[in-house]
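Have a look at the structure that comes next, please.
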Amino acid sequence: MKQLRPGDRVLVSCISACGKCRYCRETRFGQCIGGGGWILGHNIDGTQAEKVRVPFAETSTHPIPSGIADEDFLMLADILPTAYEVGVLNGRVSPGDVVAIVGAGPIGLSAIVGALLFSPSHVVAIDLADARLDAAEQFGADVTVNNGREDALSIVQGLTGGLGADVAIEAVGAPATFELATELVRPGGHIANIGVHGTPATLHLETLWTRDVTITTGLVDTYSTPTLSRLLGTHQVDAARFVTHHFDFEEFVKAYEVFSNASETGALKVVLAPTA
Amino acid sequence: MKQLRPGDRVLVSCISACGKCRYCRETRFGQCIGGGGWILGHNIDGTQAEKVRVPFAETSTHPIPSGIADEDFLMLADILPTAYEVGVLNGRVSPGDVVAIVGAGPIGLSAIVGALLFSPSHVVAIDLADARLDAAEQFGADVTVNNGREDALSIVQGLTGGLGADVAIEAVGAPATFELATELVRPGGHIANIGVHGTPATLHLETLWTRDVTITTGLVDTYSTPTLSRLLGTHQVDAARFVTHHFDFEEFVKAYEVFSNASETGALKVVLAPTA
Amino acid sequence: MKQLRPGDRVLVSCISACGKCRYCRETRFGQCIGGGGWILGHNIDGTQAEKVRVPFAETSTHPIPSGIADEDFLMLADILPTAYEVGVLNGRVSPGDVVAIVGAGPIGLSAIVGALLFSPSHVVAIDLADARLDAAEQFGADVTVNNGREDALSIVQGLTGGLGADVAIEAVGAPATFELATELVRPGGHIANIGVHGTPATLHLETLWTRDVTITTGLVDTYSTPTLSRLLGTHQVDAARFVTHHFDFEEFVKAYEVFSNASETGALKVVLAPTA
Amino acid sequence: MKQLRPGDRVLVSCISACGKCRYCRETRFGQCIGGGGWILGHNIDGTQAEKVRVPFAETSTHPIPSGIADEDFLMLADILPTAYEVGVLNGRVSPGDVVAIVGAGPIGLSAIVGALLFSPSHVVAIDLADARLDAAEQFGADVTVNNGREDALSIVQGLTGGLGADVAIEAVGAPATFELATELVRPGGHIANIGVHGTPATLHLETLWTRDVTITTGLVDTYSTPTLSRLLGTHQVDAARFVTHHFDFEEFVKAYEVFSNASETGALKVVLAPTA
């Protein structure tokens, strides 16, 4: 029995779920072992085309409620659920927490958006680029640290009576930023890795072994998409501000250039739409 | 208002709790910042004496129920709650799980005892010494792996349809064993570090970042002491078998020799008692 | 893409899951709003036939591992996951707990089996029929109470220093037994209702409001079927002993008579199989 | 070793904690069995005096951070942690939830304040008095229902596609309002009782048994006081608006009159302070 009908307005999620395997039945769709998981644009072609064939469409798409613009909902395809599930929920951000977010690119900004839903007392954004820190401030970080010239650890300790952050979120994907995240967290705190890593990091167990820390990694499962959809509907999550540029299908190359030169163009997310 | 009275039979826990600081009020006594924590035998003298002054005694001792021998209850001073809280509970061992325990010394054996309380389907003990693996089997591991000559990963994968262990517990405290633990665990699994580490380990984030793993570290808090006390009373935990040797106070040096040469003497825990 | 093939040996679960609705995507299959849920033998015909058409078969059946007898696995169709999920897991049975189970019919006995997986210090079975209490003892309850002539509350308080049970499981489905369950539980404890109720109960909020109790109700979701399957495979759950009688398809009426007169026949579960 | 010193500015909490009993060691201070719990103004005299002797002061008071007014912090003595712990946290309010709060007196308003910290999509306040519903709106409820003339159930169902609220919080303490809360909640939802009840309620198990609901009761433990203190410091919780009237110690009788006639005086909380 199909639920989808021709003409339905749906979001194609970055994660495909077979809906039948062990992991899908446990809500861990990102780990699908029935042929899905992170396959679109990774193991198979992605969705940059006028028409796409969507595997496991019944369990891998989400209806777009009326009243929400396509473009806003598009941010739920990957970036917002990733930061929310893998950063904010895995990190167990709670009211009153001090949350340190290492990296203020699009995924770090998404983590700010997600963290603010839990009313932390402080969100500290840490990055090497002032432009990204300005963006972080606009997205709601109340403390920004340029760790090229400021000492993130002492700033976080200053906010927490010397203890450290309740939650540290890694949103870069490099050994140094991961190691910084593990330093920033207080005893009993959480380190949530979102970053995509290509090389190992050093884990300082010689200090961490006594500190009751919890480190999590994860691929997005998109189980939070319905929740984020509701929050888009009530304007408690503002997805539109992630979209800095628009291009039509004639301008693919240009779009990628703008996106790759984010430091100059200020690009966060660029939207490619078929020529009307 | 004191609860302790002269003559009370109590256990002195390895963790002292001020009872008033932020961490003590959150049941995280091991992280006490009010002057307690792991101080006995670490920051101050320990308890190998006829009489000891116990800091914060009202909140750092546990009454010994009648019917339980001193010597059995003694195993609750450190080893059993450590393995149970930091290994088994942090690792979230659950019924039906495959649990891999790296290291079969006294703390690894304690982790076996604790894990069995949750009815895992398999407990796999991994060590380099056959004598320790024999002990592991006696303590209830149903699979033993000498990883000097056997491949722990393929054995664990064989038990789990190629997925990996639900929980991996590190009970050695060395980079190689920690790294093995991170390899053994399935996507979505838990790695609970109990080992005392002196050097950093390598964290293979280039593979782990997508695998939804949770890594925990921790010092024992002893919040589980009342639970373990009940299980001693019903004989569901058998502490006596940890005690392999007895010495009186005249034999301190000998006791330490036996304990340090565990591979030859087969010592697990040696009990030192004042000459009667 | 289908996973099932003709000839596969599978269990038809009591719960059908569409696999696509909000609740199915949250692992709460019993609450399926896509056409499934508890429908077999309730909203539509059940499975007492040579052949059955199974709705949503891909997400509502479970493969039977080789080495497990059909008849043993059959107990996972309803009774064992119901007692385990709705009684034991909802009730958060934990090592060392005192667990009071009100009702020692098949579902109460299943709750004993499930509770024992978590090493409670005591399992107290409460019933009006001595025969059922004898069964409870054989299934592993270490304390039995005939509350026609014994006072369950004082017995439970005697085991718990006057506090009450950590968990009380209602396995009857009557106002009086539910109310008893709420009386038996200690401050901070859990009351897990499994019983099928036809009339309201009285909730004594005038005493319960201060007592930090958690009351749960629930229909089975069958999310635990894979776990219980593993535990059948390792013989940590013994399903066979629930089957007291066998009948073939010529004997339907007789089978129902035996099952309805359980107090005389001692029937727990009767198995109906097609004549070979 | 005392932490308090003469002259310290501290809050006396409504809950006294001995700090040593089983419940205090589990952070459940409200259930203290060592002589504390809810005793001030209940089992012993309260604090309406120029000077008070505070039992277990070291573990039952909270330092007031500089920069927070006495009067604001005073709201943490009872009302805010009660609504937050027993209503919001027990009810597991989460981002995107629809939260129905039955009763818009001071404790219901506190529940609104606490719920908003978790970014629910809708907070529905239900009461019989328009004046209280006006207050609810000012405190942040986006939907108000006068259930003397409107049908709360159909309004909540209208907001939730017919399913019901994710969380229903009872903040009155009467059978009818508790029963309403159990009707309003969706399958899988939470009912958190805060109300002080004097008589039993009817629990409609004949419908609730299949609906996977969780019902909690509780006395405040005040474990959230440090969290709420941080949120007062950052102005994310605004306690001042609860204080509608001020009186000095000459005006006790008048103060009680104003407070008891809240429907006419609009009193939420009245502050009694010694004549300066």
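We call the chains A, B, C and D, going by the order they appear; numbering starts again at 1 in every chain.
Assume a contact is a pair of C-beta atoms (placed from the backbone, for glycine too) under 8 Å apart; a residue touches a chain by one contact, two chains touch by 3 or more.
The shown structure was predicted, so the numbers you read here are calculated from the model rather than taken from an experiment.
Enquirer: Which chain's centre, taken as the mean of its Cα atoms, is farthest from the centre of chain B?
Expert: Relative to chain B, the chain with the farthest C-alpha centre is D.
Enquirer: If I rank B-C and B-D by number of C-beta contact pairs, which comes first?
Expert: Here the pair linked by more C-beta pairs in contact is B-C.
Enquirer: From the C-alpha centre of chain B to that of chain C, how far is it in Å?
Expert: Roughly 34 Å, centre to centre.
Enquirer: Measuring from the mean C-alpha position of chain B to the mean C-alpha position of chain D, what distance in angstrom results?
Expert: Taking the average C-alpha coordinate of chain B and of chain D, the gap between them is 41 Å.
Enquirer: Where in chain C do residues touch two or more other chains at once?
Expert: 26, 226
Enquirer: Quick check: in the complex, which residue numbers of chain C touch chain A?
Expert: Going through chain C, the ones touching chain A are 1, 3, 18-20, 22, 25-27, 34-35, 56, 58-59, 223, 226.
Enquirer: Mind listing the chain D positions that touch chain C in their complex?
Expert: Counting only chain D, the residues touching chain C are 23, 26, 28, 30-31, 38, 173, 175, 178, 187-188, 193, 195-206, 208-219.
Enquirer: Would you mind writing out the residues of chain C in touch with chain B in their complex?
Expert: Residues of chain C touching chain B: 94-96, 116-119, 121-122, 226-228, 230-231, 233-234, 236.
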